[in-house]
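The same subunit A turns up in both complexes below, where it pairs with subunit B and then with subunit C.
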Partner chain A sequence: MRNRILSGLAAGAFALAAVPALAQEVVKVGLILPMTGQQASTGRQLEAGAKAFLAQRGNMVAGKRVEIVVKDDQGVADISKRLAQELVVNDKVAFLGGFGLTPIAMAVGPVATQAKVPAIIMTAATSAVVPQSPFFVRAGRTMPQMTFPIADWAAKNGIKSAVTLVSDYAPGIDAEKFFKQRFEEAGGKVLDSLRAPLASPEFSPFLQKAKDLKPDALFLFVPSGQGATLMKQVIDRDFAGSKIRVIATGDVTDDDLLNDMGDSVLGMITSHDYSADHNSPENKAFVEIFRKVNNNMRPNMMAVAAFDGMELIFRSLEATKGDTNGQKLVDAMRGLKWMSPRGPMEIDAQTREAIPPMYIRKVERKNGELYNVEFQDAGSIKDPTHTHTK
Partner chain B sequence: MSGSHDKDLQSASARLLKQSHSRWYEWLFWAVALSLFVIFGDFIPGVPTRLMLLTEIVTLALLALSIDLVLGFAGIVTLGQGAYFGLGAYVAALLAKGGAGTFPMSDPVIGLLIAGLVTGVFGFVTSFLVLRGSDLTRLMVTLGVALILSELANQMRWLTGGADGLNGVMPSAVLGIWEFDLWGRVAYLYSLAVLFICFWLSRRIVNSPFGLSLKAIKNNPLRARAIGVPVNARLVAIYTIAAALAGIAGALLAQTTQSASPDMIAFHRSADGLLILVFGGAGYLYGGLIGAAAFRVMQDVIGNITLQYWQFWLGAVLVALVIFVRNGIIGMMVAGWARLRKGDGQ
Partner chain C sequence: MLTILFDGVAYGMLLFVLGIGLCVTLGLMNFINLAHGAFAMAGGYLTIVLMNRYGISYYWGLPAAFVFSAALGAILERTLYVHLYNKSHLDQTLFSIGLVFMSMAIVDYFMGANQQTINLPPALDGRINVLGASVGIFRIFTIVICGLLTIALQFIIAKTRFGSRLRAAVDDGRVARGLGINVTTIFALTFAFGSGLAGLGGALSIGIISIDPTFPLKYMIYFLIVISVGGTTTITGPFYASLLLGVADVAGKYYVPEIGGFIIYTIMVAVLILRPQGLFTKGATR
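Now for the complex of A and B:
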């Protein structure tokens, strides 16, 4: 027994003292992802997206080898912050990336600023995140970018009244606010705005209330990963039978979960920047390599955000010719334009926000699987919170 | 009659005095803790900085220490210590945020004291709930208090930031001299100092007549009451002290990570604290400290080997430890030491 303890202690000491890589020509990217806990599916998609990028592009850029270091923060903000510090100080990462939830990005912000390390926001979708640090650059999308197109679509397609149901946290409240703003500007009326707790999702009382209000449409937003739970309860309430259309941002019909939701979600209209079904050579290549290196998994919006995040990292390194000065890298990312699997992507030169293309999609069955099939191009929208203030 | 009473009193006080003397291995323990600062503080080339992890261990250790006081010494089964931890975290974070990095509101030490005071008062108020009923009821009551508080933190968006937590938490320099740095040097020394003071206080408490009466209550509350121990008052006192310590632990975490979020007050903090204490060994004071170190280091090591499945292996180790060893790591060490001494004697 004593031997076992000793060897255990020794193993612990070793791990604490693990020697950092010294090679000069390696550029490290520290990804802080929720690999366990409630958000684990998000973490898995993000890691897989980054892996797919390296498989497609190779890991050499500007004469340097890019290496990914993945850390599990369990979706807990104080752990994320600690991991960010360790990645900066020990692993000497040139980039940080990932961040499953808004509070996590907020917690990491001061570290990025203090260490002058660019941090790529791949998941957290609150508009308020990027202004928190001059080293934040967004590769994903923001809530208003996702909600405006669906509000426009609803107003143009005979929907006069709506009820919103969102998760009670910053992105959810953003979704509610921007849907209401846009929909009412277009002449619609939001009858009620309901918020369900984020931590223990139980939607049925809210859904019943929404149904009792008899709106033309129910607008939904929950973080990706909770969509399946929500949709099951939505289907149980038979909204279609009471002539209430269910519309949502694409998070609800997440590619990762969509296929398991069953035929009852057929015909559901959502808005988002990415569908695995998007018809372009870039996306075909992306889906193919993603499936190849990740056990035939289907990529979702998280995967594509990680893929584009890596694209940003590679392009910025190219521009600086391998210089890893944080300020230079961030400046190189400003105004970048490229063809992403989701369509034409751009980084706003002023605000460091992503400007992704948006689409209106409908759930359809294709080759035996459920997909979000895009039927209307909603164009690219700058994040309105910044255009409003500036 | 009175002679034998005096004698008993004398032998009891002699025993307490003997127990309160510090042993060589205790000095060794704290010396090791301090030396970790030099080893992992980025002073030696090639050795990575792990002070942030060590700081996290210190805050967990303080939480586990507070659970040890109520569970290991007074025998109150609790699943709610995370509530006081989280309350302390929010109080400290709000103060630091409100002061925007200036004295006196953002001062870490003042923040720590206020957080301890607030959680102590809250602990005092809730302790009367804990007095009621048996172990199972206590488990439910403490859990209930924790759940209420975590839901409040989630709902009071205007104050706590809701599910998004608080940001812009900027504690000023410790004692106005040392700023919190990226390496976690100040954070570690600061938390270690706080842990040491809290530990020293706890040690004084359990080795006092008061502490002895707690042990009597733990062993048999009915008999303790019969010999004149004011059971309820004692339980209220220790519960209040432990709540304040848990609050200070939470405040430390909020200050050193410069954030507060609902998961600081979530159920898993209570569960982790309890787990760590059982892991290290309840009723020794050092159990929580050693348990916290072993738990987090193991989590880190296994997490580096298998990113997604560390929880499985950690669970396996815990189950094995509970099955094969009594009283956690310290229990194992005590048993090993006893066997060694026996071997010497023969």
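Now for the complex of A and C:
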């Protein structure tokens, strides 16, 4: 009897304590994603990745409940900036995240700086992004991190000359520049650097030009979600018959599109930090929960970046014991290390850049589906461009 | 260099089939239908669904895309478009651009936002040598189909009774009605036919490119360039314009890749300055 009264009292006291806590202790995360328009598949994957994280981890951290607010910027930078302002002022978000393209991250930078709200870069891969605001932290990866390993691989595997073909926008130009730099340092020669307009549906003239130059390899980069058209025309042009190897960053053989590309992409070599096929317990658990909460979709590199972005948010809140002061949160993210579905992840304590593991992969058929199968660990590379220290 | 020419012609032909339906509605019916690309997208997605989900061959996918888009066009013409024939061009523009956005959202919902593609039948895949140049078989296939279509269209409009009735209905609907021509039916048929052509164009285009829900907007620019350069009063005008633009685009990107993307726009601007009624139009504008 006494026991029951005591436990009843305890429960009552607990309930009393819990009520105000629940009412105010919500931490909002504003995700600005391209849910419609050309980059819609990227936005879809990012949202799904964040959802998978909450499903796996639960939404409570340091006694606070994390809530996600998704806003669609259609991939247009001025809308993103307005949405960032709304999220900060009206929704009082403690974090911003997402950003499908480099210009979008650039546009949101000043908002994050002024409001002192940490903004997690999940997609935009240009190296120039993070230095734009002391509140930017990268959860994805940068262009040179993706291109160096494939340039190294090419140089070591008998490829002496190459032609690059990239989409004509900032990350594409980065990819071109870093591939050329690394490949020529290793003794290779880039015969020509071609740039296709971002919105171009017709790659055939560029591909024909590349073919006529007769390089040992053709290096490709297009934004994630747009590799299907390019690969279709690459296959149609029959590079294999001309003894030209086609190599790329992993964006081209995006997990989202790869399975539809057909057997013609079998054997293609790419470099990236994530493949849904990555063999680790963390990735198995991630793929399983991701498929479960997202209608059996296959996660791609965007999904994993959102997943790791949420990881960063949760870990920083844990470290500050729930304090949402922006500066404290950013400082808590510096130097963080954890086991991501991609492998060991680290946030550079100086530059706030992600240091993801990189792999060389080959397209193979596994259990009836096409996957990027990792066959060489390229290690973790710090972004080589940064001289800024804060 | 013949390869470049072939690629350019094939690309131009594709632009033509995609845009010709718009030329029919705009030029012949004097109706601005910016939602034209949505019918092309419908044809493309239908082919993808038939092939990838039901394993039906691509050769059946093409006529199915035509019929499906034509039926869709007929239904929408009877229910929606018919109310807008007598409205101003601004109303027509606003209405049809609204349809574009709706179609994009619908396709996004059912098919997803990612790029989708098909694997061509082996007979159309691969490359062959023509006069010493290596040419994609599918591109030849596209050229042949589009060429036949152009001839058939030109014949229908210029030589058949239906064609002369259509021209009469467009020139002066009231007089044509007075002569006992059923203008309503003719317009409905023409609209459906134009939509069907767009669907066929969509089904052909997925052999070269992939398709995603932004297709109608992405291609609208190209349709409109073809129409503005070629003029809308004939079938041959847009035909030559498509070829010119296709070859100029492909050759430009090959020989001067630095400015390649701008060539198609430069041509359009030049034509609009020199011949605002269209490059291949005989008379003055309406």
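As a convention for this text, the second predicted complex is superposed on the first by the 362 of 390 C-alpha atoms of A that agree within 3 Å, B and C clash if a C-alpha of one lies under 4 Å from a C-alpha of the other, contacts with A are read in each partner's own complex, and residues count from 1 in each chain.
The rule is simple: contacts are C-beta pairs under 8 Å (C-beta built on N, C-alpha and C of every residue); 3 or more make two chains touch, one makes a residue touch a chain.
As the structure is a prediction and not an experimental result, all values here were calculated from the model.
J.: For A:M339, using the defined touch cut-off, is the partner it touches subunit B, subunit C, both, or neither? Pick first, second, both or neither.
T.: Neither: A:M339 stays clear of subunit B and subunit C.
J.: First (subunit B), second (subunit C), both or neither: which does A:D236 touch?
T.: second
J.: Classify the contacts of A:D168 with the two partner chains as first (subunit B alone), second (subunit C alone), both, or neither.
T.: After superposing on A, A:D168 lies in contact with both subunit B and subunit C.
J.: Which partner does A:Q114 reach: the first (subunit B), the second (subunit C), both, or neither?
T.: The first partner, subunit B, only.
J.: Could you look at A:A40 and tell me whether it touches subunit B, subunit C, both or neither (first, second, both, neither)?
T.: Once the two structures are laid over each other on A, A:A40 reaches both partners.
J.: Figure out whether A:A285 sits in contact with subunit B (first) or subunit C (second), or with both, or with neither.
T.: Neither partner.
J.: In the superposed arrangement, does A:A228 touch subunit B (first), subunit C (second), both or neither?
T.: After superposing on A, A:A228 lies in contact with subunit C but is clear of subunit B.
J.: Could you tell me if A:A349 is touching subunit B, subunit C, both of them or neither one (first, second, both, neither)?
T.: Touch partners of A:A349: none, neither subunit B nor subunit C.
J.: Could you say whether A:P197 touches subunit B, subunit C, both of them, or neither, answering first, second, both or neither?
T.: In the superposition, A:P197 contacts both subunit B and subunit C.
J.: What residues on subunit A does subunit C touch that subunit B touches too?
T.: In the superposed arrangement, which is not itself an observed complex, subunit A uses residues 36, 40, 44, 168, 197, 199 for both subunit B and subunit C.
J.: Across the complex, what residues on subunit A touch subunit C?
T.: For subunit A paired with subunit C, touching residues are 36-38, 40-41, 43-44, 168, 194-197, 199-202, 204-206, 208-209, 225-229, 232-233, 236-238, 241, 256-257, 260-262.
J.: Flag every residue of subunit A that touches subunit B in the complex, lowest number first.
T.: 1-2, 5, 11-12, 15-20, 35-36, 40, 44, 70, 72, 75-79, 81-82, 85-86, 88-90, 102-103, 106-107, 109-111, 114-115, 126, 132, 167-170, 197-199
J.: Quick one: which bits of subunit C touch subunit A in the complex? Just the residue numbers, please.
T.: 3-4, 7, 11, 52, 104-105, 108, 112-117, 119, 125-127, 134, 136, 138, 208-210, 212-214, 218-219, 249-254, 257-258, 260-261
J.: Please output the residues of subunit B touching subunit A within their complex, sorted ascending.
T.: 39-40, 42, 46-50, 52-53, 55-56, 154, 161-165, 167, 182-184, 253, 257-259, 261-264, 266, 294, 297-298, 300-301, 303-304, 307-308, 310-311, 332, 336
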